[in-house]
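Here it is, the structure in full.
Labels A, B, C and D are assigned to the chains in the order they are written; within every chain, residues are numbered from 1.
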Amino acid sequence: MPPAHAVPLNWYLILSAILFCLGIAGFLYRRNIITVFMSIELMLNAVNLTFITFSYKWKAVDGHIFSFFVMVVAAAEAAVGLAIILTVFKNRKSLEIDEISSMKY
Amino acid sequence: MDTVLFLVFALIALLCGINLVVQTHPISSALSLIGVMAALAVLYLLLGAEFLAAAQMIVYAGAIMVLFIFVIMLLNAGAERVTKTRQLVKLAGVPLMAVFLGIIAFIIQALLPKSQLVWFGGFPGGGPRDIGIPLFTNYLLPFEVTSVLILIAILGAIVLARKEID
Amino acid sequence: MNLWLIPIFPLAGFLINGLVGRRLPKAVINAVAIGSVLLSFVWVLKTLLGAGSLEKPIVENYFTWIQSGPIQIGCSLAVDRLTAVMLLIVTGIGSLIHIYAIGYMEHEGGYYRFFSYMNLFMFFMLTLVLASNYLVMFVGWEGVGLCSYLLIGFYFTENFATTAGNKAFIVNRIGDFGFSLAMFLMFRQFGSLDFDKVFSGAANMPKETGYGILTTICLLLLLGACGKSAQIPLYVWLPDAMAGPTPVSALIHAATMVTAGVYMTVRSSALFLHAPIAMNWVAGIGLATAFFAATIGLTQFDIKKVFAYSTVSQLGYMFLGVGVGAFSAGIWHVMTHAFFKALLFLGAGAVIHGLHGEQDLRKMGGLFKHMRITAITLLCASFAISGFPYTSGFFSKDAILSATYEHSPWMYWVGVGTAGLTAFYVFRAWFMAFTGTYRGDKHAHESPLIMTGPLMVLAALSLVGGFINIPRWLEPMFPEAGGENPVLVWTSAGAGMLGIFLAWIFYVRAPELPGKFATALGGLYRLVLDKYRIDELYDAIIVKPLVGGSRIVLWRGMDAGVIDGAVNGVGTRARGMGAVLKLAQSGYIRSYAAWVVFGSVLLLLAVGLGGAR
Amino acid sequence: MDLTYIIVTLVKLAVLFGVLMTTLAYLQWIERKVIAHIQLRPGPYRVGPHGLLQPLADVIKLITKEGMIPSHVNKFVYLLAPFLAVTLALVNICVMPFGPEIKVPIPGHPVSTWLQMTDLRIGVIFVLAIGAVGVYGVALAGWSSNNKYSLIGGLRSSAQMISYELPMALAIACPLLLANTLSFRELVLAQGGYFFGFIPRWNLFQVFPLQIVAFIVFLIASFAETNRIPFDLPEAENELVAGFHTEYSSMSFASFFMAEYCNMLTAACVTTLLFLGGWQPLFPAPWSDYVAPVVFVLAGLVSLWAALNPARPKDRFTFPVVAAACFGLAALFLAGEFVFPIVNQIAMPLFWFGAKTFGLLFVWIWVRGTLPRFRYDQLMRFAWTFMFPLGMVVMLATAAVVAWFPR
């Protein structure tokens, strides 16, 4: 029985949507690779929130497990990504994302 | 009570998120990201995902973000210099995201019943036991595969970050 | 009761011998090969003794093999009275022949290869027999085909062996094609391939007068059976299959595999009974094959060829029996035929072995004093096959013939004639080999005990094996055909004895007669001698057009023109487009990201708004 | 959420906070004393008898000092860091159970509550999480004070804490596997009872000797987590001039100090709860009640002896006071429940818990007084090539035992 002060489910989803868009914004407008990377993490977090909200909606634990996997994979991705960033910085002495544009035709 | 908690922490998450985007210094962005994560952890608790809240703190805030900060310190990354962004991005970005957000909001409003409510304790199934059992029965294969993935990631990171690369 | 163990033993043997056999000493190889087959024989006995009266089939379902939509096919084995008979024949004769093979293959190369193939064959044959739905059966069906191919081409350095193997394989493909079409039709009709479902479904359908679905299925099955059991028009591969080692001819091409067609037809009796026309087809093909092959058998000089054609003709008998509705008689003949034909081949093998590979009857003669056991055992077999009273062949053949008489008398008379011919050519071979004076040049010697032992066992079986009353055993499945009519019985037996007598006249009493006849008949004789030139016929009307057609149309036109053209064309177009599209790859990550966002917005518009409405 | 609940919670909070602060303050005094005696010095002696009032003096000094912020620092982070450190350190105490459920017979309105702020289903993970976040205090302090020594200190501490979290988590997993729960309360309850009536069923003594190894691994790891000697490289005075808190002064410095001691306290409490059976007494029921009085009586006798042959004249007055206090406590433990029934309910568990915790804290200080400092590469190699595999082995072995002999 929901108490009087319960929150509509949609708010959570809207919140995660906004966070996701903030992540996109960070990705599009920041120039520092690390910041861009962090924006990706932000998007992942937003998605996790959605997962968990829906697993609340369906009263099923699978959403939790998905977001658990998301976290784990995010950890792996962070390790590799930061290693790449380190290497890039070693070779180019720069973290500006637009200066690393040599991978093209 | 729930409403208050939700509003407070949602607000924190939002402000930190915005701060992440507007700050030019990576450390500030990192801190605000940590803020977002902490706030989200509380929201997870409200949604009954206590284990994930803890995991969020340990894995994201405690490990991943520490790595980020570590790297930022290591590279001693300063604030961004202002360079010209790509025209396309500059023009397309904001309207695109506005549309994106609008559509998502519309879909959520249209598809989901507004009657659906969330309150603390409404879903008790978020404890470690409730997650562990399906994780090691139904989701065993994904679990193992993920562990292999992590192993590979570790190796990759070590190989990439070796001195004698370059 | 662990039916799966029965086929598993030979499979294990195959794996051991096939994988590491090259390094194993012969003793171990023998132990593994024989041991595995004997084990499964023992397990069969244990199973059957433990099974009680198999009124109802005992089905064991192991796992769901194919599960897709409505298709639900389990990997399941079953044993009932029919299967029991086949199991005993396969494992029993199989063990004997394996033992015999030790002696026969002693000096051959590729020893381990031979035995691993044999074990593999046993595995597939048992799978075929034990299967409880058509797909599993088809697995065994294909498997035995493969093994027969491998074993016919055992001496793969010889050209004729490889060609014979290919021939067998290709001809069998034609039959399998029929079989698989039949399965598709069955699935479409009954929605399942399990025997019980299919048969109950068929039982609920009315007898078909015209060419309905059931008849079509049955005719396609018959095509498959013809391929496997060497019936007209697909019999041509079996005589050439004698290129393989003799134990193979005995096991695969006489006793077991070639009877798979008969077994399958009997197994599908529920279908055939509702398709009288198909039954008539079966009977007709069987009769024609029986007679036709017998006539060819008259003129062959290669001892194995003679027996090969007699195999074809005996198979014809079985089909005749099945066709006229005497299923149990057919199976009975399968069993007795397994006894005496295996014996004939093994005996022939012993003779060939004793003559260091000589197969031509004209180079034999007077071998009786050199190899007594072989001669006597072969004599028993010959009596059995020619239906001499109270030998095994007598009972089964007469069961078939009397059933045929009730079906239609003229068929009966043709059958009787064929019986006479059979007796004639078999004894012709025996007399040419063992009586008179030795015409060959090689030194002849008797085979070792390990070879003669199985011969003696089989001899005993082919003499008294007829008293195993298969029709009564199969009573619950197939109502027995009408009572024995002594007149008919003795007529056919008499025909047999007449044949024996003529053979004695021609080849012992007056050896010059055959030549006279040959010259007298002239063209006809030469035609028969060349097996009616069927192979040449097929070559002219089927093979050549096919090859030529495919060379011109498929290769030049289709392959080179259309397909290659398409592929290359796609390649060039792609390169052209790439030249344009590559401009979008600016290397600026954030513009990529912008594009991604753009795309996802479009997707959301499409999906989300669509879903929201 | 009725009124009693709120009141009880507030009361507990107040008491806990008071006790905690005092403990932290006096922990430092104890440390200085112990180190001093290890080094054959009297230690703080001037303020109050045997320097008992020294902590108070320090607090006053630190508060009244001028907090100065260097000009070249990132102010926000610089101020955030110590706050973060101390807050996170204090939060942990909330989930520690100090005793069993007690019933307060308030006339007409009996209340029953646990000697614990709150019990989480995931208490242990919670502590781990907070510990994981705790890195930030040090790391950010090191980075924000914009000083190469501090930066190195911060880097070191973050790397070190991440590295030692793994063996720590692995060691923690063992008792969890045995007790099959993540809540401290159930953990302690699972450790009640005795093997053959006299060996306590603490995790330390379970599946001998696996848990002892796990205990040692955990202890070492928590030394590293609390940045204490021999793992105190982040604040190594003689190489990094006090590392991450070089630039800090007055209250912000004090809060780092407090955070460090609070972390020690937390680590000791967690060790007690995980391995030493929380408030479960060391002896079976009747004997355990007499331990506390005996201890205090002995303490009283010792201080009486000290009063009878004093080192300095004023000892004649101070030590009898101490002795009297000890005897009073002993009397309380012996006869308290006749006077006021709740006493034993509360006092006994607290006595045992406190005894174990302070024993462990003594080990901490003792080690500091004894061992030299690691070199950084040694530290890392030790973590990854010795501690981690050892912890892994222990955990797997425990898991195997639990799987094969389910209790």
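As a convention for this text, a residue touches a chain if its C-beta (ideal position, glycine included) is under 8 Å from a C-beta of that chain, and two chains touch if they have at least 3 such contacts.
No experiment lies behind these values; they were computed from the predicted model shown.
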* Can you give the shortest number of steps from subunit C to subunit D, where adjacent chains in the path must touch? => 2
* Give the chain pair, either A-C or B-C, that is connected by more C-beta contacts. => B-C
* Asked: So what's the Cα centroid distance for subunit B and subunit C, whole Å?
  -> 67
* **Whole-Å separation of chain centres (CA-atom averages), subunit A against subunit C** => 65
* Taking each chain's centre as the mean position of its Cα atoms, how many Å separate subunit A from subunit D? -> 37
* **Where subunit A and subunit B are represented by their mean Cα positions, the distance between them in whole Å** => 5
* **Residue numbers of subunit A (touch at least two other chains)** => 24, 28, 98
* subunit C, residues touching no fewer than two other chains -> 586, 588, 590, 593-594, 597
* Contact pairs between chains, per stated definition -> A-B, A-C, B-C, B-D
* **Interface residues, subunit A side, partner subunit B - complex** => 2-3, 5-15, 17-26, 28-32, 34-35, 37-39, 41-42, 45, 48-49, 52-53, 55-57, 59-62, 64-65, 67-69, 71-80, 82-87, 89-91, 95-96, 98
* **subunit B - residues contacting subunit D, complex** => 27-28, 31, 34, 38, 50-51, 54-55, 57-58, 61-63, 66-67, 69-70, 73-74, 127-128
* **Residues of subunit C touching subunit A in the complex** => 582-583, 585-590, 593-594, 597
* Asked: Quick one: in the complex, what on subunit D touches subunit B?
  -> 74, 76-77, 80, 120-122, 125-126, 128-133, 135-136, 139-140, 142-143, 151, 154-155, 158-159, 161-162, 165, 182
* Asked: So in the complex, which bits of subunit B are touching subunit C?
  -> 85-86, 88-89, 92-93, 96-97, 99-100, 103-104, 106-107, 110-111
